[in-house]
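One chain, chain A, links the two complexes that follow: it is found with chain B in the first and with chain C in the second.
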Partner chain A sequence: MEELLEKLAEILEVDELDGVKKFVDFEEWDSLSSLSVIAMLDADYKMSMSNKELLAYPSINAFCEDVLSRKK
Partner chain B sequence: MNLKFHNKKITGILTILPANEIKFEDEMLNYNFTAAKSLKLKMAMGYDTHRVVEGDTCVSDLCVHGMDYLFKNNLLAKDDIDALILVTQSPDHIMPPTSNIIQGRLGLKHDMICLDINQGCAGYVLGLVQAFMLLEQECIRKVVLLNADVLSRKVSKRDRNSNPLIGDAASVTVVEKDSCDSEIFGNIRMDGSRAEALMIPAGGFRLPSSAETAVMEEDPNGNFRSRDHLVMKGDEVFNFVQQEVPPMIEELLQFSSCDKEDVSWYLFHQPNKFMLNKLADKIGIQREKMPANVVEKFGNSSGVTIPVNIAYNLGDTLLREHVKVCMAGFGVGLTWASLLLDIGKLQFNQIINF
Partner chain C sequence: MNNPFSLVGKTILVTGASSGIGKAIAIECSKLGACLVITGRDERRLHATWELLEGKGHVEVAGDLTMEEEVEELLNLLPELDGIVHVAGVGQSIPFPYISKEKLDSMFSVNFFAPVLLSQKMIKKRKLRKGASIVFISSIDGPVTAHIGNAIYSSTKAALTGMAKNMAVDLASKRIRVNCVLPGMVETPLIHQGSISEEQLDQDKLSYPLKRYARPEEVAYAVIYFLSDASSFTTGANLVVDGGFTLL
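Up next is the complex of A and B:
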């Protein structure tokens, strides 16, 4: 969980990641950050997700839990 | 679909680029984003300059210019051309076929076949496949494959998703019978159910162009385009490429009993540097073997990025040597197609400006 949160913090350009927030709540969130998350999921977690699916998570924590439970 | 071709070869490639070059920074003010954000995108995706046509330059203009160059320099004789294939998604007119228009403008013989093929990102590969098949006929000895697009004319200048990376280009590839016992392998797949990931919604018969379709609308990301303009769903295209292209390459290599390492160059269609680097990693090859520099210099000219790639990165090498290469195109359709072949000792492999 730590590792994934760190990667997200880097993409979102924040020092501390508030997991209760949604992706769109972050100031730096745009189509490029979305693509960076998607590319990271593909490369490091071997899973693919669309922008639509990313935005559907109620919080970053929910996103992380789901990714880790599906990790191959 | 696994394909095999015997005794066919490419003997020359000429690439035509519009001289008009635009820098990313010079268009930044058109976008609805801060300069800082736009520059971040530039760095991440690998954008810099792109070549686009000016005014109402059409595909036949670029192609005729290239063909005239070859005729003038005695690299091609008019009467030797038995078939003229034009792969394009930006024809001069809905009718007549642009390949016929080019035939007429060049004064080519009547005893020949001209074909327009509506394909994009995988178009160069599909065009080569068509050329190989035509060469099965005894009376067809030389095929000229034209691949050209002027899609910048269909991209909104306020669309930061598409405008920085679009490019225009044309290419002329001469394909002939090979007396040597050569084998070319191919792999083609398509999925029309995901067609809407890359499209121009209006301008055809389903939704004709009108005052309504010309209205500029803002999308959720802050980009502005009309329904007459090209729209690409970046995340869907990324996932499609990562999911479908590696298995296709694997199947191609297996079918041809070729090892990944034995391929000297992976000459792929160029969507952008970001996607190609990720793709090379996924396939498991060194990034150096898959040139990804076309978009940052010239833009993404759809199918034509493959010949641009070959001319820009391999240039004179292909005049002297023979190399084993894997070509692949993937995108609009959705289509994804690849070829494994030896290419080399070309009569010409260069870029000229229009």
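Up next is the complex of A and C:
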């Protein structure tokens, strides 16, 4: 969980990540961020996800929990 | 009255004809009297394209152009051609920090090595008549513009335009012309696959002076110009079909 949160913090360009927030709540969130999260999931977690699915998570924590439970 | 854009009497190979731009090109060429050989990986969708072609005598050959044996099979089946349109291509958005050799190899294999090597083999096997026309579907991305996450895709398209110019020079003695069509965004299934949201697409259309994306047949018409005798003095050219996007 720590590792995934760190990767997300890097993409969102923040030092600390508030897991209760949604992706779109972050100031730096834009199309590059969403593509980066999708690319990171593919490269590091061998998982594919569409932009629509990504934005449907109610919080970063919910996203992380789901990704880690699906991790092969 | 002689129509310089007519394709009557010409036999044309179109790759990537199972869907999108390739499908539209094959259909529009058939309407102008061409005899088509169409190829694509998806047999069912390729056949659906074949069913929509006007006229008779068209041939469909399913296959993967990155596989050497399947390319050989296609080459053995081919009659002499007056034109090839290289449309088969893939796109994937990968921001530069996440590219890898694997992703580079994979996209270059389909978008660049396959069409270039197919062209070379066709010339070696004398499958292209003198005066034939080779058309590559490139993109504004690469040769002209850049878009977020499109580093690899753009590179493959820029490589095609560089190769086409040199092919134009090397093949001029055979009167074989080589040109590229550079579309902006085109309304095909590829753009609705999920990496860009529908809202983002609607917003993006506003940055086009003509306020919309191209219809696939509008790209086909540019290809038809290059395939026809109307472009008999045009070689090594890049024709941008982008609704004015690159003007701004």
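In this section, the second predicted complex is superposed on the first by the 72 of 72 C-alpha atoms of A that agree within 3 Å, B and C clash if a C-alpha of one lies under 4 Å from a C-alpha of the other, contacts with A are read in each partner's own complex, and residues count from 1 in each chain.
The rule is simple: contacts are C-beta pairs under 8 Å (C-beta built on N, C-alpha and C of every residue); 3 or more make two chains touch, one makes a residue touch a chain.
These figures come from a predicted structure and were not determined experimentally.
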- Looking at the overlay, what does A:51 touch: chain B (first), chain C (second), both, or neither? both
- Figure out whether A:35 sits in contact with chain B (first) or chain C (second), or with both, or with neither. both
- Query: Overlap of the chain B and chain C footprints on chain A, residue-wise?
  - Reply: 31-32, 35-36, 38-39, 42-43, 50-51
- Could you pull out which chain A residues touch chain C in their complex? 31-32, 35-36, 38-40, 42-43, 50-52, 55
- If you look only at chain C, which of its residues touch chain A in the complex? 93-95, 97-98, 100, 148-149, 193-197, 200
- Item | Residue ranges of chain B touching chain A (in the complex, touch as defined) | 33, 37, 40-41, 44-45, 161, 221-222, 234-236, 238-239, 242-243, 274, 278, 281-282
- Note on the structure: The answer for chain A against chain B in the complex is residues 30-32, 34-36, 38-39, 42-43, 48-51
